[in-house]
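The following blocks contain the structures, represented as structure tokens.
First chain A sits with chain B, and in the next complex the same chain sits with chain C.
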Partner chain A sequence: MTSAHVLSVAMLLADARLPSGGHAHSASLEPALLGGMPVAAVPAWLVGRATTASLVEAGTAVVTARVLAMADDSGLAGVVGAWAARTPAPALRDAARLLGRGYLRLARALWPEMPAVRAVVAHAAAHGPLPRAVVLGAVAAATGLPPADTVRLTVYDDAQTAAAALLKLEPLDPVAPARWVLDACAAAEPHVPRVAACITPEEIPASGSPQTEGWAQAHALLSQRLFRA
Partner chain B sequence: MPESLVSASATAPTTVPGAPSEPATDARPGSSAGPLATSSADAARPTSRALRLGVAGPVGVGKSSLIATICRALGAELRLGVITNDIYTDEDARFLRSAGVLEPERIRAVETGACPHTAIRDDVTANLLAAEDLERDFAPLDLVIIESGGDNLTATFSPALVDAQIFVLDVAGGGDVARKGGPGIGRADLLVVNKTDLAPYVGVDVARMVADASAARENRAVVALSRTDDASVAELRSWVLDVLGSFRSGAHVAQDPGPMAPHFHADEDGGYVHSHDEPGAHDHDHAH
Partner chain C sequence: MLPEPREVVAEPAGPELPGWPYPPDQAAPRVTQVAVERPARPGAPVRVRTSDGLLAARLVSRDRVHAEVALVAGGAMLLGGDRVVVGIRVDAGCALTLTDVGGTVAYDGDGAACHWDTDIRLGAGAALTWAGLPFVVAAGADTHRATTARLGPGARLALRETVVLGRSGERGGHIVLRTDIADDAGPVLVEELTAAGEHPVPGVLGDHAVIDTVTTVHGGPATGSDHPSASGGAVTLRLERGGTLTRWLGPATHLSPLGPPALPVPDTAELSEEA
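So, the complex of A and B:
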């Protein structure tokens, strides 16, 4: 049996209907709105994320895929450490690990024999849950998803997750956020080659946002919220 | 930032940071794939995994109160855990914690992204992970009760998440609701008609409502419940214990109430009742 085309894999992963628990997450949008960010700022905020926080995740996935392609399982710890150092809020790391567990359930059901997937399953069993970006990197290694497309997938998924959450939090014509998602992806495009070229954990962009981290921490303490993070 | 500085988040205070939670090999059936996958692979094999019991039904029918009643009735003999799926808040989890029927740490809230039915039906990932965490942190558990966020009559649990499910109505919602049917009313493992003590005040004939429900369910189990009526609580308690016994012996098979209630198709021969539970039931081409 031939494998699904790598574009089909990317579409599967980008689909909001992917059964990995993503529907309970807002890609930091709910924390931002509850933290006082006006709805009018959402388009600019999406562009901001696509060129900063999303690239931390994207770079983590790209480097993970490279590390696993070299059959160097010991390198995973370095990637996780680099990601954690760039994601200081425990609330965001917890949410990313929850999403990573959802991704891992999926990955080990879909590609159980692939060495990259086996490596992350073994690592999680020994050291605890891995963040989504790392599991995505393993899927990229297992399926041959090119680094540039791994970056685009990460940026798109982040923007689309926030856009879908926005329609639940602040209803508006759904065509508008669709435009903003494409604008965010376009804004990230000049950064794609740089992030796709990351090889070592040190090269993962350190472009997280302290404001987003702060909002995430405050959000985790609220008793009234629709989304996990 | 070193990982050692990371404390467990406020939302999962009892999770041990860094604790292995995705065992590569795990002898417990269903720990990774859920009840659905195991019910086919391990049919009729005794299991020691906790029974996962779903509680669904519209907003305000008393789902949390029913869970508190189960915890009170069985807390002394079974090791219990509860997962709530509130829509806007962690109100249900806090209600149950404050009810004092269970250690607060054994009650976890899961966010559903404003989609309570998605979280119990088409993407059960968040609830499965929460159930696995609870079962790992308090191993061994006998029973994990998962409360859906109050939804409408169409919301039922996937057998991929729960082994059995209770659908809850209450007399105050109207005596005619049981007749309206739906997958939960028609085909959940148990239908509870709750708050029967309120019947005189809302003009509902409980016996009639239960008879309507039994008819809609083709005589599947119905319990008319009031938490102040000990006999009804005993009936509920023995139902739970029966299902648990059947589950442990491997005889219990998780049922899907389905997205559709059994319904009638008129045709030239008079019509037939169509239940969607036979294999290939959706292969035919008639319009519903």
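So, the complex of A and C:
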């Protein structure tokens, strides 16, 4: 049987209809709005995210794919450690691992024989849930998704997740956030070559966003929220 | 008032200190070094070696385990093109408390960047507490601050870093603030914050001028005593590998609920037993 084209794989992964649990997340948007950020700041916030938090995730996925392509399963722990050291907020680590679980379930069903997927399944079974970015990296390795496209996919998915959540939280013309998503992707574009070139865990971007991290922690303690994170 | 340094401490840091992070040709003249070494004989105070760069190091006090050293600006700083390099080494079982005597202003460098690099090496069971004073990034300044710490087994580290974007009435310049803390098992905290007073980014610092951070790493897995909490607007993040990062963002330093970091000073009896 012919495999699906890698672009089809990318579209599948970026599709909000993907049954991986992404609909329960707002990519930190609900925490930001509940934390007092005005809706008018969302476009600038999306651009900030696309050039900070999203790049940490993207670099993690890229390095995971490289480590797994070299059949270096033991390198996975190093990638997870680098990601965790770059993700100081426990609420964000927890959210990423929840998403990772959904992604892993999907990856295991779709590409069960691929060594990269088997490696993450075995790692998760032995050491606990893996963050989404690591599972995405395994899918990239399994399907041949190029590093630059892995970065773009991560940035897009993050921005689109927030944009979709915004429409559930605030009444506004649905066309507006579509523009903001593309603007965020454009802002990340100059960073794509650098992030796609990451080879070792040390090279993964460490761009932090303290305000988002603070909002995430406060949000995790709330009982009245629409999204998990 | 800063006590006069005692005579006995003026043991200049030799360029060939084992494990020193800088090659000898870079060691002079602008590298500030502080090294705390175990006493020469049981019962004697720790040895403290210092060398002065753009910052001068002055011994305040010492005993058999612990030394306190103050860092004093040697002149006008930071100007464009300046590079402050601080090397701190605390040997196994010793403890160092560093204090800043004054805050620092990074001035408009007229296009030239300035750097402040700190390299910290802690031996097994060593401790460093550094209560940093505010670092002000004036309008037009292009600053790069990097703190790298390598911790031996059981080493403990408590750092306060307060960065202020702009003097009063200014929005402030540009800063890249990098922190890289690791031990033998791998990275503990790696963070690179980029901010510019003229271009506030919601989610990064928003409109806040002050980012006040206390980082505490105590050489062990996360425990229940690291209460993740928010108090006075500060948020405490529990790091995956243990330790905490407590951070406050706000408009002015005097409003910050954070105080100087503290680590328990090791009991002098412990060292005597080991010696």
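Following the convention adopted for this analysis, the second predicted complex is superposed on the first by the 229 of 229 C-alpha atoms of A that agree within 3 Å, B and C clash if a C-alpha of one lies under 4 Å from a C-alpha of the other, contacts with A are read in each partner's own complex, and residues count from 1 in each chain.
As a convention for this text, a contact is a pair of C-beta atoms (placed from the backbone, for glycine too) under 8 Å apart; a residue touches a chain by one contact, two chains touch by 3 or more.
Here the structure is a predicted model, which means the values were calculated and not measured.
When the two structures are aligned on the shared chain, A:Gly128 is found in touch with chain B, with no touch to chain C. In the superposed pair of complexes, A:Pro115 makes contact with neither chain B nor chain C. Of the two partner chains, chain B is the only one touched by A:Arg101; chain C is not.
Once chain A of one complex is fitted onto chain A of the other, the partner contacts of A:Pro90 extend to both chain B and chain C.
Judged by the touch definition given at the top, the superposed model places A:Gly81 against both chain B and chain C.
In the overlay built on the shared chain, the residue A:Pro146 is in contact with neither chain B nor chain C.
In the superposition on chain A, A:His25 makes contact with chain B only, not with chain C. Contacts of chain A with chain B, set against its contacts with chain C after fitting on chain A, overlap at residues 81, 84-85, 88, 90, 93. Here chain B touches chain A in the complex through residues 1, 3, 6-12, 17-24, 32-33, 87-91, 94, 110-115, 118-119, 122-126, 128-129, going by the rule given at the top.
On the side of chain A, the complex with chain B involves touching residues 17, 19-26, 81, 84-85, 88, 90-91, 93-94, 98, 101-102, 104-105, 108-109, 121-122, 124-129, 165, 168, 220-221, 223-228.
Only residues 28, 32, 37, 41, 44-45, 47-49, 52-53, 78, 81-82, 84-90, 93, 201-202, 205-214, 217-218 of chain A touch chain C when the two sit together in their complex.
On the chain C side of its complex with chain A, the touching residues are 178, 180, 182, 186-194, 201-206, 208, 211, 228, 230, 235, 237-241, 245, 247, 249.
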